[in-house]
Every structure is written in C-alpha cells, then in structure tokens.
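Below is a structure I'd like to ask you about.
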Amino acid sequence: MTEYSVVGKPLPRVDGIAKLTGQAKYTTDIVLPDMVYAKLLRSPHPHAKIISIDISKAEKLPGVEAVITGKDTFGIRYGFVDTPNYPAEERPLAEDKVRFVGEAVAAVAAVDPDIAEDALDLIEVEYDPLPAVFDPEEAMKDGAPQIHGEITRSTSCAWEDWGVARKSHSYTPVNNVASRVLISYGDIEKGFAEADYIREDRFWSPATSHMAMEPHAIVANYNPFTGKLDVWLNHMAYELKRYWLSKTLGIPIQKIRVHQTYIGGAFGGKAVIFDFEVIAGFLSRKLGRPVKIVLTREEVFSSCRNSIRFDTTVKTGVKKDGTIVAQDVKVIVDAGAYKGSAAVAMFLSHQFSEPCYNRRNVRHEGVAVYTNKNFGFAKRGHGAPQNRFAVDSQIDMICEDLGLDPVEVILKNLRKKGDVLPNGDKLESYGLPKCVQLAADAIDWKQKRGTQRDKNRGVGIGINGMFSGSGYWPFACAAIVRLNHDGTVTLMEGDCEFGQGADTTYSQIAAEELGLPLEDVNLISGDSELCPMNYSNFLSGGMFVGGGAVYYAAYDLRQKMLKVASELLKVGPEDLDMKNRSVFIKARPEKSLTFGEILRYSIQKHLGDPLIGIGYKKAVPEIEFYPSLSKGTGRFTDAYGLAAATAEVEVDRETGRVKVLKICIADDCGYEINPASIYGQMVSQAVMGMGDALLEEVIDEGGRVINPNLVDYEIPRAFDVPEIMVLNGCDYEPKGPFGGKEAGECARAAVIPAIANAIYDAVGVRVHRVPITPEKLLNALKGKEGRR
Amino acid sequence: MRDFEYLPTKTIKEACSLISQYKEEGKILAGGQSLITLLRQKLISPSYLIDIKGISELNYITFDEKNGLRMGALTTHRAIEKSPIIQKKYNVLSEMEKSVASVQTRNWGTIGGNLCSADPIGDPAPSLIALSAKIKIVSSRGGKTIPLDEFFTDYFTTLLEPDEILTEIQLPSPVAHTGVVYMKFSTIEAGIKIVSTSISITLESDRRTCKDAKIVMSAVAPVPFNAKKAGNLMAGKKINDDLIAEAAQLASEETNPTPDVHASAEFRREIANVLVKRAIKQAFEKAKIA
Amino acid sequence: MLIQEKFLVKATINRVWEFANNPEEIGSCVPGCEKIEKIDERRYLTIVQAGVGPIKVRFKFISTITEIDEPKHIHLESQGADMGKAGSFTQKSDVDLREISENEVEVSYISNINVVGRLATFGERVMRAQAKKIGEQFIRSFKEKIEAKKEIKS
Amino acid sequence: MEIAKKILKVKVNGRPYEMLIKPKTTLLQLLRNDLGLTGAKQACMDNSCGACTVIVDKMAVKACSVLALQVNGREVTTVEGLASRDGKLHPLQQTFLDFHAFQCGFCTPGKLMSAKAMLDENLHPNEEDIRRDMEGNLCRCTGYKQYIDAIKAVAQKKEGAK
C-alpha cells in the first residue's frame, strides 16, 4: 500500500484554533446592525380549529415591529418528502387548524427578545378543540379523527426543477395513512415453508432527541434594495435550505446566500427546513431588517424534529444451523402531525439491513400514520437504530432457542464481498465479517458469553450497514482547488462543519493529492456563494461524495500542474511526481520546481491560466432521478459503511439498573483519512447508542412532550461513559477518496442491540421497548413487562 | 425575565429590614441556582430582588465539640464539600455534597438557598435531617431555631414567612458509635433522583444493638421525611438482616410517592425499599467502627 | 396526566348527585376556588387559585358538561388558562356514582389534565403532585360537607 | 414601571469595565451581548448543560444562572482570556487540539473553563475526579472520552513539570 504523508494521520483539526479560543462563530453568535428578534406563539392544543387570532394588543406593545399569523403566510407548503404522489403538507404558521402541541400559530418580531416574548402573551387565539388521536393503531381505525383533509399540491415541489415530467396531484389521506412502503423479493411463503424454525416478535423504538448542543437558530437579512436574502442558519447542506427558502418565499435561488457558520451539532436533525426559518425570512422581508430567531430547548424538543417512532414486528425463518431463509418485517410508524421523513425512514430501515444479512426471501411492509403529535425526521442512522434493535434482538433470541452462538450465526448470514444486492447496489468493499470478529474478540466473547449470569453480567452483539450518500435530488457535490502564487492552494467545498470533521479530512485529501502539508490548504467551506454545488452532507455522504469531489478537484489541479511542469522540465508528465511542496522528476528528484514557479509559468505562457482544479461527484452516477422508495427498487448508493458492536453490562437485579462496562465498536469506513476523527465518531456513537438503549425517550402525554428539557430528558454524562474500544475493520473502498466511505452514522445502530442482548445474557429477560430503563427491566425481571 | 429592582445587602439587619418592607413583592436571592431559572421562565416575577450573597457574616463554618457544627446559610456547597472539619467529623456531608448538581452549581449555590428552595429531590436535606440539624431563622421581629425536620411543609414550600431569612444550620457534635450514610438512586450517575435516603445508625457499646436509627427519605414524598416507624422498630434491637429487611419494608410503606416522567409510584416505593436496606447495612458497618 | 380516584360517601345517591351539580357546593370543595358561576345549563365559569411554593397561578376556565346520565354519570370538559399567562390547560373528566347501599355511594373519577406553557416546563413531577394533592383535598372536603349536612338534616 | 439601571464594575479577562446595566441581565447576557464575548454559549434554559461556564474569582460557574450584578467587583475569565495574546495556546487548549477533544465545539469553551478551574484547584486529579468535576458539562458529539483523556494528560504533564 502507498505510504501517505497527510491522509491516514491523526492530524489536529483545522477548525481547532477557532473552536478552542471562542472565536468560532455559530448562528447563535451572529449579530447584525439594526437586528430584531422574533419569537413564535405555539399551539397548546393537539388538535383544534382556529376560530380567531387577535394580534392588536401585541402590535401595540412598544418595541414590537411586526406580528404575523397564518393569514400572512397562507398557502406556503413545504416538506422533506415532496413527491408527485405525496405532496408536502407542512406550513410555517397554522392556517385553519393546529395539529400538534407546539405548532406555530403566530410570530412576533421586536427590538429585543424579552419584548417579543411578552408580546406573545398578548396575542389572543380562540381555539375550538377537536378530538385528537395519539396512537397510530387507533388513528387507522374507521371513525378516528381525521388529521388532514385534502393535501393539495405543494408550493415547494422539487420535481419540476429536476426535469421530472410527472404531474403532481393532491392526496387525501384515508384512515390517517401518510404513506406506505412495500418491498419484497424472493418468495416469502416458500422461504418460511423451508424454515426449520420461525419466530415472530414485536419491538418498539420511541422518539428521541438529537440533542445537538446548539439549539436551532437563524439570522435572516433581506435587503429590500437588492432583493437579496442573506442567512446564517443551522444546516447540513445549504442547497436544501436555500432551495426551500427560495420556493417558500418566492425569492430566486441565486438571491439567497447561506453564510458559513459553525454548527453546534446536527445528527440529522438540522437537514430539513423548519417553520421558524421560513418565518425569519418572511419577517425580514416584511421589515427590511435582519431578524434573529433562537429556539428555546423546549421548542427544540416539542416543535423541531425528533427521531421517528417505530413499532416493528419481525418474523424470521431459519434453518437448524441458523441460516436465515425468510424475513418478514412489518413496521408501523407513528408519524405525528405531518409526515416528516417517515416514508424515507421506513424504506431505509429495510435498505440499511440489506448489506447485513443475506435473508434470501424478504418482505418489508411499512405504514406511516398521522397522529396529533410532533413529527419526526432522520437521526444518525435514519431508521437503522429502530430496525437493528428489532432484528438483532430477535437473532439473539433465535440463537437462544436453538442453542446457537450469535456470533457464529451472524457470521454465517453475512453478505459476501462483491455481492450485488437485490436493488443492484454492489458491495465492492465489505469489512463486516472482519468487524464482527474484531468486536467479538475485543469483548472476549468466547470466554464471557453465557458464562457470567451468576455475576449478573453479560455480553451482546449487534451489526449495521449505512449508505455513503444517496440519490436525494440531485445529490451531487463539486469542489474547486485553486493554486495560489505562494504555492499554497485554496479549497472551496460546500459541506458545513457541524462537528464531523469535514473541514479537516477534506483539507487532508487535497493536501495529500497535491503533496502539500495540511497547513498549505486554505479552506473555504459552507458558504453557498463562495462554494460550488453541495448536497452531500447528510445520509453520510460527506466523505464519499463531498470528499470524493475534493479528491477529483485536487487530482484535476495536479494533472494541470504536471502538464505545465512537464513543459518546463522537458519530460513527460508521467515522469513527474509531487511531494513536499514541489514537482520533481521521479528519476532525478533534485530536478524540481516549486508550485509558485509552476503558477508563474502557466500565467506567463498559457494565456494567464491560474491553474484551477475542478472536481465533482455523485452518490450513484448511474441514476438520474430519485429511485422509488415505496417499492425499494433502483440503485441507492455506491458504497455501504458497516459496523459491528459488542457490549458488556452488569445488571443490578434488585433495582433493574444497568451499568455498561464496556463497548467495542469495529467499523468499516473504507480507509481512515483521519484516525483520530474516526475514533471520535465511534466513541460518540457508542455513547449515543448507550443513551438510546438505556435512557432516552421524548415522552408525550395527551400530545404534549412532558420532558422537554435537559433535566428530565437525560443523556449520558461524563461519569456514565464506560470503557470504549474502537477497532479498525476497514476494507478499502475502490470508489472512495483514498478508499474512504461512511463513518459517522453506522455504528450507533449496532450498539443498541449489543446492549439489549448483553442485558439478556446477564439476567435472562428481554425488554422489547427501548430505552431499557431500570423500571422496565425490573418489571421484566418480575415477569411483567410494562410500557414504562 | 421581567424587570425587577436589585437591592444588594451587606448585613443581616439590612436584608431583614428590606424583606420586611417588601414581603411578597420581594424575593431573597442567594446563589440563585434555582431562582434564576424560575425568573427566566417568568414563573415568578418579584418586583424587588434582595441579594444577600454579599453578606459576609453569613458565610462561615465553625466547630467545637460542645456545640457542634455551625454553618452560615451562605456557605457554598463547594465549601462544605472541601471543609476539612466536615470531612473529618461529618464525612457524610462532604460525600453527599460531591453529588450535588455540578461543580459550577456547588461553587455559587448556597446551602441556605438550597434548603429554602425546598425541592423535594434536593440532596442536602436528608443527610442534614439524619444528622439532627436545626436551623436558625431571623426576621426584624426576632429569631428562632427549629429542627430542619419541621421546616419543609410541601413541594417547594417551607415554614419561612415572607419576611424571614434562614441564617444558620446547626449540627450537634457527632455521637459515638454512629454511622451515617447517604445513598441515592437515579438512572444515570448525575441524573434526577428517583429515590434518595440518608441513614444514621447509633449502636450501643456492644456494637450490635441499635440505640437509635434515623431513616430519612426523599424524592418519595412532597418533603424529605424521617421514617419514624422504621427507626423505632430498630431501636433497642440487635441488628441483623431480618431486622434490616423489616425496617426497609416499613420505611417504604411510609413513602407517598408521585408518579412522574422518571418513575411510577410503585417503582419508587420498591427502590426505596432496596435503597434503605442497602443504606442501613452500610451505616451499620460504619457505626461498628466509629 | 391521568388522575384516577375512588372514594365512598355516606349519603344517598340523589343527595350526592344534587350536591355535585350545585356549583356553589362543589366550588366550596375545590381548594383555592375563588368563583364558580353557571353560564348556562351546561357551562360553568370557574376561577381557581393554585400554587407551588413561590409560584402562584390563577386559572380561569370554562367547563362544559357534554354527557349526563342522572344520577350516575357526568362527562365534563374544561379549558382555560392562567390569568398571568404562565400556562393553559384542558381537562376531561368522567365522574361516576355507584350506589353501594341505600346510604353509601362510591364516587369514582378519572380526570385527564393537560397543562402547557411555562408552567408545564417547570416540571412534570411537580404538576402531577400538585394535581394529586388538590384531588385529595377535594375528596376530603366533598365527603366532609355531604356527610356533615346529612347529619344536620337527620 | 421603568427600572433604573445599575452600575457594574467588573474585570473581564484582565480588562476593567464600568457600565450601566439592567438588573435582570445575567452574566451570560453581559458577556455575549454587551461585551461581544460569545465564547460562552447558551444551550439550555435551566442550568443543566454547562455550555456557559466561565470562571469567577477562580470558581467555575454557569454564567446563565448568575446575575451580572452579582459579580460586581469580581474578576471573570472566559475562554477568550485563556490563550496568551501572543497567540500561544493554554496547555488545555493545546492538548484538546492534540487529542481531538472536541467536535462541533459548541460546548467546548465551557468545558475548557471547567477544566481550567479544576486543574487550578486540584493538582492531582485522577480519572474519577475529572469525570465527577466535568459532570456539569454536557456533550453530545465526543462521547466525553477524548476530552477526559486530554485533561488527564494536562494534569500529568503539570505533575511531571514539578
């Protein structure tokens, strides 16, 4: 393998100085001259007609600059899923009725945030409460309250812009069904008929919060003279926000600029457009002044997206030796008041399973149901955590029933490198078998499995797979590398830095390709006006797509420089190499040129060509349009990230409290561009997965979130972190930059079943609903599994 | 947050005179570690905030064998945690303080402020009650000293009249052959308490017979309370596993927990039983060597 | 939050029914009740003062009786808000009377109370405890009043 | 009622300030809004996340839960005052950088200040001390491990230098 000098090294992060000295600016830190602050009035009712809204008192409060309601924003529609068959139904402010507690009803802009808040108290809304429904199975029954009437064509539909000729039409939900998926291949009946053993089990995953440290925020500044809207906001790909802002506000896309800010954590939760972002833009245009909105933590919990509630029934048929021959998965998603990304999550929970086991005959059916609750969106693994908890828990149960070893059964059922999945995706890199082995060995599986029940200790395992980007319209990314006259380069790439380390790893890729030290790469990222097209920062497309574009841009510049240098040195470009800030003749390294000399020559002799490299990449080059989610057909990704996790726990039988002793994660991210960064991603997912398994749930009652703060919504803290081992299960990905692919999302979903299975190994009982709280486990130990 | 007049004070007298002037319209601010959250959420909006944190005469820790420990109400949690005399003589307090909220809160928050906010899941109250703490309350009308046990009347409510200020916490000198422990149960280490208990066991000189037992519980009723039936059961008896189990059972029956987002009432009661059992055992072991 | 209680009252079922349907009498049993007023046959306006420690609220709400089955069952829905804007709430209650003997009635109620706003953020545990306490006080004075009156009459 | 502003005298990162402020101004608002020191962050509303941690007279405190007027006459240090003016990072900052002890960075200034106060007070913290003293600082990205290791390394280096 080639010896690299920049990639593969745990170099310090390039955003480090800014972040460690307090200079890094986040949206919440942005202050503009003449700025006003807006607050939103939110519905106290889960389902109610709005009879009237009286804003006159609020408008008269000194310091209030504007008050708007659904009348002002009437007709604006948007949403993440916005297809010809399923038009988007979200709106910035409620119009005729409210559908969940926390839905925005009015907004106030004032000279200071306290005045804006006081003004909210002066708005009088008369509601007529309607019967509400909170349970998806209840909601599907005849006679249940209907949450949506006809959903007409959205104002922000993306399809026409991307050349899809299909006409969109309205959609009227029946029995509150928001969307369905049905994916199948093989012959499920035949599969079960061939099985020696069949089990059916049901598992539940609740809504959990992304709990990014920075609450959602925006600063929007509309310039009435130029018609330009400048925004600073929390995002995960500026093209998405820019697109939605353009469509909802009717401002041409080239007139909207998303400025670079650091983003205080995202985990999927900030990719989509929010009510308050549209409102900020709307108010700024109305006032001709900058408008800032920072949500409270309570708003983040109850009005922004949480993860998606899954109720999963898995039926699996196996041969005596544990070989899976059929799997039938039925998912009911409690979508909430709007569909959010429910349809996508139902599909992904299937597709992320595909690179894991070869299940031979598969049926995956999902229905997403409207209820009068806050709705959901992607969270780190988007559908995989919910599905892996169900599937890998059940594998563990089957092994128990048949007296088999889970690690052996998992290894037996894994896909093989080079496999082509039923949808056509090919596993060109596949480190999962290695990951399973590494994770099992690290936890001392052979010694510890099934042998420590007398000490109430146990070990468990889980696995997962994840896209490296996919074809959400148009899911492409470009990068530019320009050569500077001092021999350094400037890299322009759109991905925003929300903690994942994109700024650093992308700079490393460019530096390596160009033979430069990391500090010679000047980076401009996350600014929609300074960087080229970018859609790669979610669905774990960062490294594979964004990093890929950077690689190709650097490669392009390298070729151009070599060509110029070959003229100067009078040898062929193939005889040259680039290292240590210079281009030299391979056979005679003393014959070299600095980059500055190359640039000068190019400008002097090549019509002023300043040597600019351009690169671009698409997640799946073969597909032009968004593939079908509801049928699961079509190509989705060119590379899957893979992970296995094991955990060891100790249970206090008298209290039901679980102490996680150790978590081991083995991950296949293709190649570790920055090993320290990968290590950070894995530890992060170990701890987040532990929170999912044991602690976290956004609890609602009567449609209201009853733990919308960091006191009542507990996440792991410094003291709770167990011993964590991170193991490198990489398998070189031929299509990735230096072999790299997904790293940031996959492992979380493997950790959850690992812990659940370890608990079973320790005490012999199983809780079917995460989080496995002390109370639930104690009840299970006493043979009465309850909801709590 | 709504506007208020800010009135910093330097002496107890000054503070008493201001609070007797404004009564319900005024509010005493010490460390403010829970008060400022309430102000920010506009759940309370006093017109006058009387800041007593600058009263240096309320910030002290003294000890002598005869009178025991005296702590000014403005002693910070951190000062209690780090006090050598408390570590030596009332170790349970310094250990307990280590788990009060976070270092940041312990640095600024005061013991008096903590007791006056009367949060039913507050850490210090159970241990202080187990140590037979008394508190001194003053107002421009005079002063009084009452057992801490009687101070709390309901969720977030105390006996304190609107014009009164808590000034001192008093603990008697440690009694021989006594072991005191504090134990709590939460889902995560620094999580919200589902149950907590502080237990004081005093043994006869045979080191096996219980002379006196205090079983104080919190988070399982509107106020921290001394489970007297359980304590009385133990007094005069030789301590063994059966007695401990019986006492724990009795103590858990004395609870009156409310279900909430963290736990059901039944679960709280069960955990109370387990926790009390464990804590008595530990206190017994400590008492044997004390 | 769901609050469920069951208790016995020593009185005839008609007496209990009559008592429960008299705004003044019932109001006198609600701790902190400042005012209870009949708007029309099915609707009542109530102002109740409540509080937790330093937090004081005054709820003004309208209750509507949506189902009535004399003398056994009432379904009642209320909605209102704190007059200081600390929060608003809705409530749905079912009250059922069951004759145990000629002079003993079992009263059971299920109340689903939903509080939103700043008050709700203060903490689920406190809200719940407070509702439970108010319920307990209500039952106590309800029993005392009915049973005391009965004694006077007899 | 128009509330009179009050005079506040405070030293922040070594610089003296004298200003008129509304009594309800929190220390965090003072730093962020009045002084433009946005290193300390607000991430919760209830004194539970630690992202706003600054040092007042050698003590780590949560700036969101202290009134600005309560620090009258005191000395405040924020993350902006940690590195020296010549561009040399504080050992904690340098070690956080070396250890990848941060990701999104939003909670990092608070963590640095908690860690600084701890190390200034406790010369020999063991891992348990570090974890306990960092309980008040929530983090969602790092999983805590890398910065606990970083603080441990700084403590050991300090000890070694003795």
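Residue numbering begins at 1 within each chain, and the chains themselves are lettered A, B, C and D in the order written.
Keep in mind that, in the parts below, a residue touches a chain if its C-beta (ideal position, glycine included) is under 8 Å from a C-beta of that chain, and two chains touch if they have at least 3 such contacts.
None of the values given here were measured: they were computed from a predicted structure.
Novice: Per-chain C-alpha centres versus the global one: which chain is nearest?
Specialist: Measuring from the global C-alpha mean, the nearest chain centre belongs to A.
Novice: With centres defined as the mean C-alpha position, give me the chain B-chain C separation in Å.
Specialist: 35
Novice: Just the number, please: Cα centre separation of chain C and chain D in whole Å.
Specialist: It comes to 50 Å between the two C-alpha centres.
Novice: Where the CA atoms of chain B average out and where those of chain D average out, how many Å apart are those spots?
Specialist: Between these chains, centre-to-centre, one finds 29 Å.
Novice: Please report how many Å separate the Cα centroid of chain A from that of chain D, as a whole number.
Specialist: 30
Novice: Tell me, which residues of chain B touch at least two other chains?
Specialist: Touching at least two other chains: 1, 41, 189-190, 261-262.
Novice: What positions in chain A touch 2 or more of the other chains?
Specialist: Counting only residues that touch two or more other chains, chain A contributes 298, 706-707, 709, 711-712, 716-717, 719.
Novice: Which chain D residues sit where two or more other chains touch them?
Specialist: Correct list: 45-46, 132, 135, 137.
Novice: Which two-chain combinations touch?
Specialist: Every pair of chains meeting the touch criterion: A-B, A-C, A-D, B-C, B-D.
Novice: Write out the stretch or stretches of chain A touching chain D in their complex.
Specialist: On the chain A side, the touching residues are 10, 12-13, 15-26, 28-29, 31, 210-215, 262-267, 294, 296-298, 498-501, 676-677, 679-680, 683-688, 709-711, 715-719, 721, 724.
Novice: Flag every residue of chain D that touches chain B in the complex, lowest number first.
Specialist: Contacts found on chain D: 1, 3-4, 6, 22-24, 26, 45-47, 50, 53, 56, 59-62, 64-67, 69-70, 72, 114, 117-118, 132-133, 135-137.
Novice: Considering only the defined contacts, which chain A positions touch chain C in the complex?
Specialist: That would be residues 44-45, 101, 121, 129, 298, 701-704, 706-709, 711-712 of chain A.
Novice: State the interface residues of chain C toward chain B in the complex, per the touch definition above.
Specialist: 52-56, 86, 118-119, 121-126, 128-130, 132-133
Novice: Under the definition above, what is the set of chain D residues touching chain A in their complex?
Specialist: 32-33, 36-46, 48-49, 51, 78-80, 82-83, 89, 93, 96-100, 102-109, 112, 130-132, 134-135, 137-146, 148
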